[in-house]
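Each of the next two complexes has chain A plus one other chain: chain B in the first, chain C in the second.
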Partner chain A sequence: MQSFETTGTQSTPTIRANWEEGTLFMEGDSYPENSYEQFRPVFDWIEAFLNTAGRPLLLDLHLLYLNTSSIKAMMDIFDRLESAHAAGQAVSVRWSYDRRNERVGELAEEFREDCSFPFAIEPSA
Partner chain B sequence: MTSAFPPPSSLESRISQLLADPVYDGHPLRQALEDLWETHRDLDRRLDRIARVSDAFQSMARERELGLQERMERDLRRLEKLARISDRYQSMMRDLNVALTEASTHDSLTRLPNRRLLTDRLKAEAERADRYDRSFTVVMIDIDHFKRINDACGHDVGDSVLIELAHAMGAELRDQDCAGRWGGEEFVLLLPETPLDAAVQVVERVRDRLNRVRVPYPHPTGSVTASAGLAEHIPGTPVTATLTRADTALLTAKRNGRDRIERAGADTPADLAVPFPSEA
Partner chain C sequence: MNPSVVNPPVMNPIDLFSLRERFNQTNIMLCFNGPMSRSLIEEIGNALKNYLTADQAHPAAATDVFGTYIELTQNIRHYTHAKAWSEQDAGATVVISREADGRYVVCAGNLIEQQDGEAVCALVDQLAGLDKAALKALYKEQLRKPRPDASSGAGLGLIHVARTATAPLQATLHPLPDGRAFFSLRAVI
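Let's look at the complex of A and B:
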């Protein structure tokens, strides 16, 4: 599996998957017309990384607005991380949000609720 | 589980004894009893098997049902979480929308309606007035020598005086009136259902109130005065013309020495019929 990068638009996030570093970076708004199309490569990449890389995985998130299907996709991703964590793999999430928009941080907390792996929510300046 | 209907042991042992007894050897009923007895035992065994298979099916179905129920409950919890997060995102967007609308229609310093909102209100009021043949008055107010406050006390003080003036103006208006910041230290009042004479009284009250706002030292007088130009809307004319007449009256008030009001006449000088007065 390769690293990949998609440049964000007004309605889709910038996504950078770095195989060497073991990081998946997502930034921006996510209300795509076809969320399956957008998230399919992300799911596949995570799946491949967890199955073959044998190294820690970090999700570096700077997401703002998510529509309902994007929320579902993120919940699916976190579920997959949870099962990897249960199997003893090192996975973690760092969700950064703008200090001036406290509510994005509160939403990240909602996502974190059922996750037992390391999940940091950090305000950025 | 053994047999579904175990025969009474006494009957079983009695028949076993009868069949084993050599006395009945060769008796025609003995063979018939033995055959019957075999058939009965066979049926009994089959019944037993059917019961076991049926039980197995039942417990399998039950396990499946429990599994489905568990899955359904888990899906339901996920769905609830999804809906909860989605609702919160939506309310965040709605609040953001309200804030953006507020920001695009109100002056960020004084929180008064800005030029855009005032323009909308003026147009709506003109349409209403034309339709129902009512009158309304437009007032342009300018704070006299406002620059002296900025020069003497700095822009921060100038800003806070401006906020106080805006509050003072609002306090003196009636519910149906609308005050907005037109730009700089210039304000516009929209006084619905108010002919010119009644408007004069409202504006004099407003000017008096503005005059009572304290301006800190080292401002030379410690207070401000205001000039105002009033124009009653003439039904059938564009509201921009009414604004222009009010602006012209304000200029006249300034030229005549400030701290006063001037009323616009009914005619619209052709050279002043520009779409909207400049922001100066």
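Let's look at the complex of A and C:
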């Protein structure tokens, strides 16, 4: 498995998966009709990283608006991180957002409620 | 006096002026009626974002209005796609307006099978009886259910819209002669 990069569109986020660094960066809005197609490569990459890399994984998120289909896909990703954490692997999430839009912070907070691994929500100035 | 001003042309029964007056009086920011493609949802959504910015909506309010618009229109797309209806029957009617008190209203409607319409109206009534905590619990429960098949899917989106709205959702169903109905949903944000 290797690094990959997907340039975002109006309705899909920019995604950068860096195998060497162990980081997955996602930025922008996500509201495609079928989020499953969009998130499949992300999910596969995370799965491969957790199964073979043997190093910590960080999700560096700058996501803004997510439709419910994307929320469901993100929940699947966080559930996978949760099971890795339960198995003793080092996983963490950092979700940065503009503090002027508290909806993003609330969205991140609802995900964090179901996670026990390190999950930072960082409003910017 | 020009008689055409007094008597609208017979061949053009659409009175744009009165339509415009109606839009202005009811503070309609944006409306759409017709077949709605995936790219059209995005383009109209983009226009909506720009209008909300120009209207100096708070970023959270803009997210709420935009999110409600996306969930309702994508619900319609999923439903009509599952029914494999013609482009014309698969259309949507969308109106976004602003109340005198400053709140935004998102209305969306589409053709629906009478039976499906009754089911979704029952769901809307059920959601109307729930407070924010109960809606959140139902939302999280629905989120953890396996992905529904193509014939449904309105569940999670509707609950999300009900959570976003500042008043209970209102649904109406107008039966049509062909056995179908026109379903419309009104969300005050």
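Note that in this section the second predicted complex is superposed on the first by the 125 of 125 C-alpha atoms of A that agree within 3 Å, B and C clash if a C-alpha of one lies under 4 Å from a C-alpha of the other, contacts with A are read in each partner's own complex, and residues count from 1 in each chain.
As a convention for this text, a residue touches a chain if its C-beta (ideal position, glycine included) is under 8 Å from a C-beta of that chain, and two chains touch if they have at least 3 such contacts.
Not measured: the values here are computed from a predicted model.
*Asks:* Evaluate whether chain B and chain C can sit on chain A together after superposition, giving fit or clash.
*Replies:* Superposition result for chain B and chain C: clash.
*Asks:* If we overlay the two complexes on their shared chain A, which of chain B and chain C does A:Phe111 touch? Say first, second, both or neither.
*Replies:* first
*Asks:* Have a look at where A:Glu37 lands relative to chain B and chain C in the superposition and call it first, second, both or neither.
*Replies:* A:Glu37 contacts neither chain B nor chain C.
*Asks:* Of the two partner chains, chain B (first) and chain C (second), which one does A:Glu102 touch, if any: first, second, both, or neither?
*Replies:* Once the two structures are laid over each other on A, A:Glu102 reaches chain C alone.
*Asks:* With both complexes overlaid on chain A, does A:Glu47 touch chain B (first), chain C (second), both or neither?
*Replies:* neither
*Asks:* Which holds for A:Ser11: it touches chain B only (first), chain C only (second), both, or neither?
*Replies:* second
*Asks:* With the two complexes superposed on chain A, say which partner A:Glu122 touches: chain B (first), chain C (second), both, or neither.
*Replies:* In the superposition, A:Glu122 contacts neither chain B nor chain C.
*Asks:* More residues of chain A in touch with chain C or with chain B?
*Replies:* C
*Asks:* Where does chain C run into chain B after the fit on chain A, at 41-49, 59-67 or 77-85?
*Replies:* Clashes occur only in 59-67.
*Asks:* Chain A residues touched by both chain B and chain C?
*Replies:* Shared contact residues on chain A: 65, 67-68, 71-72, 75, 103-104, 110, 114.
*Asks:* Considering the complex alone, what residue numbers of chain B touch chain A?
*Replies:* Spelled out, the residues of chain B in touch with chain A are 78, 81-82, 84-86, 88-89, 92-93.
*Asks:* Sort out for me which residues of chain A touch chain C in the complex.
*Replies:* Checking each residue of chain A against chain C gives 10-11, 31, 33, 36, 64-65, 67-69, 71-72, 75, 98, 100-104, 110, 114.
*Asks:* Hey, which residues of chain A end up touching chain B in the complex?
*Replies:* Chain A reaches chain B through residues 65-68, 71-72, 75, 103-104, 106-107, 110-111, 113-114.
*Asks:* Considering only the defined contacts, which chain C positions touch chain A in the complex?
*Replies:* Interface residues on the chain C side: 38, 42, 46, 59-60, 63-64, 66-67, 70-71, 74, 77-78, 140, 143-144, 147, 156-157, 160.
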